[in-house]
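Paired with chain B in one complex and with chain C in the other, chain A is shared by the two complexes that follow.
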Partner chain A sequence: MRPILLSGHERALTQIKYNREGDLLFSTAKDQHICAWFAHNGERLGTYHGHQGAIWTVDVDPTTTIIASGSADNTIRLWEVKTGKLLKTWDFPTAVKRVEFNEDGTKLLGVTEKRMGHLGTIVVLDIKVDVNAEQSDEKVMTIVCDESKATVAGWSYLSKYIIAGHEDGSVSQYDGKTGDLYYNIPVHELNQQITDLQWNSDRTYFITASKDKTSKLISAKDLEVMKTYSADTPLNSATITRKKDFVILGGGQAAMDVTTTSARQGKFEARFYHKIFEEEIGRVRGHFGPLNTVAADPTGKGYASGGEDGYVRVHHFDKGYFDFEYEVERERHNKLAAEGR
Partner chain B sequence: MAAQAKHDWADDDDLDEVSTDLPPPQKIQNKDGTTTIIEYRYNDEGQKAKTTRRIRYITHREVVNPRVAERKQWAKFGQSAKDGLGPAHDTTTVGENIIFKPSTNWRKDARDESKDPNAQAMKDKLKDKKVKCRICNGEHFTARCPYKDTMAPIGEAAGGAADAAVGMGDEGGAGPAATGAAGAGKKGSYVPPALRGAGAGGAGAGAGERMGGKYGERDDLATLRVTNVSEMAEENELRDMFERFGRVTRVFLAKDRDTGMAKGFAFISFADRGDAVKACEKMDGFGFRHLILRVEFAKKAQ
Partner chain C sequence: MAPSFETLRDENLDDDDFDETEVDISDLKEKYDTQMEQGFDTFVVIDGLPVVTEDQKPKLVKFLLKKLNTAGKTREDLIFMPMGEDGKSLRFAFVEFSTPNEAAAAVRQLDYTPLDKKHTLRVNKFVDIEKYGAEGRVDEEYHPPQIEEFQEKEHLRSFMADPSGRGRDQLVMFRGDTVGVFWANDKEAPENIVDRQHWTETFVQWSPLGTYLTSVHAQGVQLWGGASWTRQRRFAHPFVNLVAFSPNENYLVTWSNRPISIPDDGHPALSLDDDGKNYVIWDIETGKPLRSFAQLEVAAAAPAGDENAPKKPVKNPWPAFKWSPDDKYVARLNQGSSISVYELPKMNLLDKTAVKIDGVMDFEWAPATVQRDGVKSYEQLFCFWTPEIGSNPARVGLMSIPSKQIVRSLNLFSVSDAKLHWQSEGAYLCVKVDRHSKSKKSQATTLEIFRVKEKGVPVEVVDAIKDTVINFAWEPKGDRFVIITTTEPVGATAVPPKTSVSFFCPEKAKGNAVGNFKHLRTLEKKNSNAIYWSPKGRFVVIATVANTQSSELEFYDLDFEGEKPESDKDLTANLQLMNTADHYGVTDIEWDPSGRYVATWASAWKHAMENGYHLYDFKGEQLREEPIEKFKQLQWRPRPATLLTKEEQKQIRKNLREYSRLFEQEDAERISSADVAVVEARRHLLNEWYSWHEQMQEELADERAALGLPADPIAELLEAKTAEVAPGGEEQVIEEIMEEVLEETEEIVN
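What follows is the complex of A and B.
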């Protein structure tokens, strides 16, 4: 496969998101604009300007009408996807590290940083998915993380729970309506930060990535750790592929140590693991720095990775990727096909 | 001053660039179905740059969600507002081809590849090497020889034999070995690096240092030349076809620089020569995309 290199940012990438149909790609970096790209050919649709600081996170609503972004300038902003127009700004006391729409796009959660005497919080905002509507200023709910700050968070299926990953390596489950804490389970090594949390297609389970060099597949309902994928480097991001039962992990040595290592040693590769068998099945190299974010195309045709080197690399898989199956999988498919007839 | 008013010839180019607009882009239809596009733009230093591209358009139809189709018509905005149709070359480039094939034993494959050229060569080199005493030819270091004080080292003949043992097993036949022998014969005369380490014994050993190091060796081992390849062929297809016989380390399919069509020949390198022999036998005369392949061992690059 020939990756498409997108060089729309001058600084390290922080997050990449595909929209629901997988035709658009949004990227944020530590420079101060968001880029929107066509995923199939890497053409840039446009850029969104207005933030005054590094942008940590972006998310797009299910209808690709609006996007939300969270930034180190202590704001969450809402943009119109089509024109790049700024629709709304919410101010917070500290930086916003993560935003995510729920399944129908009516609610948005934001994770704010613990700093300057303020505790880390998870806030929930009501959103009207309409570019002309007046968005409300009010925060519907605020969850305060007094033990360990949340680094990532997301909405489970039916917006029933809010799942958060913490700096101390634990994962919590909150009620999606009241904000009550149900569970807090230490899934990763103590004080090894959880760096990413991404959902499967129906949001019944999710994958975490952690600095403790592992990534785990966890169910949303009871926070049961179903699978563990171990790598040999701190992980920054993990995603679940569609169509094929794989997961993609991205990581690499911490950005500050990078200049002392060569690209080969630094392990700046996207790692593919089989989701069920937990076995590594291949790597894709290309970045000059650690991978900060990986995202799987919702159509299952490819994936994109963003690195500390400022590049987004969009990959469209070859036939060999789709043909790959474990022996047991092949047998099962053959059996099912035979029965079908 | 008068001189100032007069136009200095050295500034000529600069002035021209500022005053004239960029010529409009040109499109020329070529006879072979390709299109040549000539575009002009200003590069980062403000100089005028001309880009000539030769493209073949292949129409590929895909049915998409109407919303996706609608989004494709959206006007660009922000920093991309001035970009034309299609990907802009300052933000979007195509990277080098990456071969990614998931496999359960990829770790083993990767390791093989990393040690392939150098470690393997070293192993070959040391395979038949034995510790040999220069004094008595016994299997110990010279310094440990019991006859160290009583006997003088034996002469050149024995030394030559030892060298021959060190030389790598290489199929480079009698030619280099003979010259190597001549070189070693006249002790002290200059021997080019390529012939160094060649034995006087003439055991067929003769690989010294060579320009291009590992590539040369790899090519000699097990590379097939495949000719009469269809111009629609892809490297992947060739790889798939030949991988049946063993691990393929390299596939090179010559392609036309402009059109991207295959030129009709390819080189396939195998990790193991045995596999290459097998592949050569089986694939010679194989029908592939309406053409009959011709497969033979690649001749050594001279």
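What follows is the complex of A and C.
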């Protein structure tokens, strides 16, 4: 598995997103522009210029028409994918750490930072997936996180819930329409920040990554922790692969915590775990800084990782990856195949 | 109503004509009365003397004086021997010493001294006799002592019986604040036996035969053992730093940097005599202290006239007390002057004097009782060395105890340092001698090997080692050794210099004789700095430990059963590198007592990087790797020596094939059954997951239907978009032709 090295960013990566078809890749970094790439060969489609600060987050709507980005310049911006045109800018009092479209692209949530006397919030905006339409200035809803600020958030299936991960290691479930808090459950160690939250394809469950060196698979409906993956390093990102029942975790000691800068010391590897058996299956080396973000190709053919080192590495899985099966899995597949006949 | 001043009744008021004498305070007086200085602290009472007449008395007194003056100062007129009415002595005497300390010393040293076959001296403090023996204190009637009912204790060696029947070894692991004992389990996670938080404050240690686990606390040392891991013994040595056992687990030495200070209200185990002492020697069976010692002031003054004085000795050498292999003697070095040998269990100086050896720098007991050729009587051996003093040469000597005879001595010149290495059975002693040239500019090392078991203890010299030897290790129970040398002395350089590893073995010789030691092989340009022989010999791990740059482990076999190089055909070894491994940041390595496994670990005591342990088999194949936060210590539980005779062991070795077939079968069965269990658990997990997932899908579909949403929310959107891009709904086919160059060759056509 030879990765394609995308060196379009000058600073640490913050987030990578595949579009729904898995042919495009969007990446944000602390260097103020967003890049779009062709996933299959790593050619750059283009960049999106306009932000005045580090960009923390990006998301693409399901039809790959528009992308939304959130930045340390206190704005959420909407761009046309094809042309790179800036469609809309929303201003906020503080930096935006996370944006996410709901499943049909009609709503966008943004997580704003707690700073300068402002509490952390989760805001919801109405979106028209049309490059020519006028976007509404109004925030449909604002959820204020007065206990512990939200660091990540996302929409569940049917946009029914908003799930947020907090700085104190807890996960909250809010009503997707009213913003009422249903549950707040401490799933990770106290005060070990949740650093990432990514969904499976139908948004019925999600995976969290935390500084407490674990990652958890949680059901969206009742916030039940179904699986736990333990690593030996603080985690920055986690994603669920399609087609195969794996999860990929990325992390590594933060640069400020590493005393000796040896690559093996920092544990800068992407780790593959079996989603159901919680066992580690393999690691992929390459980055020479902590992995800040990992993303799985929605078509299940590969994954991409972005590191503190400023590189995006796009991997396409080999045959061995697809052939790998636990005995019981093979058994199950054979059974299903037999039944299907 | 509470009494107030107004409501006080007469009785409550102080009565002026209250008679104090009426109160009976005798019980209080007895309890709290100040003990007047009795002035009898310098007196001792000697019992058990023979009956003498007035004529014989001076003779006895004179004889007593001689004995008494070994403990303290006293004079003839200070010995009072009362005579009975019949003109015969009453078999006891009072003696006054000049100080209470001397009196105490006399009691300690002279009590139970045999006088002749019939008489044994009993020496007691006079005040003690007063205290315990005064009239009325001793009950006239005899009461048989209460004998507590016998309670069976747990078998302390139950650990030898592995419940799984596989003869696994135990190991202790100390990580974070938790100490746990485990069965080593090959590739699988070790099986926990007991796990306790804050079991120790500083470290844990097995006793040499594995009977006890030692925990160290500010109050002292505790020993644990038995199947339920109960406390077996306590040794209250406050602020103890280090612990050492005698080889047969009979005695224990504890050391604290801080001198013992006995509080005014006493100490549960130690007495005032122990005040100011640093070392305590304990009897493990009784849990009582035998004797305590103060730290020795290190004689820093170098021998006169020798400007090439040996390096300043370590301030507190450990172990300070070295045991003979049978626990009969313990000895301590008084650097530069003598070696004090104490006899156990009385802890008295052997022959009442230290063994005077001028300039002695170091000594080492033979680790096993050696049967020398032609020597029938019982003896223990130790070796020592002295540096050059003036024009006298340096000397290595072998002394026999208890006779204190020097069995063999060797004179050496131009010696700057020497190290003594015994082979585990005491058959050989290798003295590593660092020599300097006349100009003192260059260094060289020679190895002087004493063949202790052979007649006359011949000495063989293995020299021609130009470099500094930084490490040396004998093969346990064998006759081969490994050294590590380096060209530069190890200084405070950032990058340690390259090292060479050399293997030595004896030449082939006729019969049972062991031939001359010959150089077998040298491996150059290594980083290795440590040698770990398997406890059963043959295999050795050469490692680089506590080094930030490299951390390789090399597993060697010295009796490789493959082809032997022609050059080694006269040697008794066939060296083969079996495997190499790398354990980043390794700080410690230990073989298990059976020689089957090697544990390597990176301890949080040394650094904070990748703490945890690895487990290898003797071939160097990695079995396990477990990173553990704050991993501090690992120690295999030692095993006592086998009870099988040599013949029985031979028999087993002969039938090894049969046994191993049985064991292999068992292993295979176990592994397959474990596999079945794992597979079953996985199948369960898989089914659980998919049933949950299906249920969730159904729920989702139902909810979608209820809300009147399409099954696929995005399909419609995409359709709309496609319509926009390609109006008319016609499908557009985009063909892409890829060309791939498989091979390219260039030929020059003439």
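Simple rule for what comes next: the second predicted complex is superposed on the first by the 336 of 341 C-alpha atoms of A that agree within 3 Å, B and C clash if a C-alpha of one lies under 4 Å from a C-alpha of the other, contacts with A are read in each partner's own complex, and residues count from 1 in each chain.
Definition applied: contacts are C-beta pairs under 8 Å (C-beta built on N, C-alpha and C of every residue); 3 or more make two chains touch, one makes a residue touch a chain.
All of these numbers come straight from a predicted model, not from anything done at the bench.
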* **Combined model on chain A: chain C and chain B, fit or clash** => clash
* Go through the superposed model and pick first if A:R332 touches only chain B, second if only chain C, both, or neither. => second
* To do: For A:I281, select first, second, both or neither according to whether it touches chain B, chain C, the two together, or no partner.
  => first
* Asked: Does chain B (first) or chain C (second) touch A:D232, or do both, or does neither?
  -> second
* Asked: More chain A residues touched by chain B or by chain C?
  -> B
* Asked: Now for A:L181: first (chain B), second (chain C), both, or neither, which partner does it touch?
  -> neither
* Check whether A:G320 is in contact with chain B, with chain C, with both or with neither, and answer first, second, both or neither. => first
* When the two structures are overlaid on chain A, which partner does A:L87 contact: first (chain B), second (chain C), both, or neither? -> neither
* **Which superposed partner A:D202 touches (first chain B, second chain C, both, neither)** => second
* Structure fact -> Among 41-49, 131-139 or 239-247, chain B clashes with chain C only at 131-139
* Looking at chain A, which of its residues have contacts with both chain B and chain C? -> 326
* Structure fact -> As the complex stands, chain A meets chain B at residues 1-8, 21, 23-24, 33, 38, 41-49, 64, 82-84, 246, 272, 279-286, 313, 315, 317-321, 324, 326
* Asked: Residues of chain A touching chain C in their complex?
  -> 20, 62-63, 65, 103-105, 129, 157-158, 160, 202, 204-205, 219, 221, 226, 232, 245, 260, 264-265, 275-277, 326-329, 331-332
* Name, in rising order, each residue of chain C that touches chain A in their complex. => 548, 584, 609-610, 627, 679, 682-683, 685-686, 689-690, 692-693, 696-697, 699-700, 703-704, 707, 709, 713-714, 717-718, 721
* To do: Would you tell me which residues of chain B are touching chain A in their complex?
  => 64-65, 67-68, 71-72, 74, 76-81, 83, 86-88, 90-98, 100-104, 106-107, 110, 236
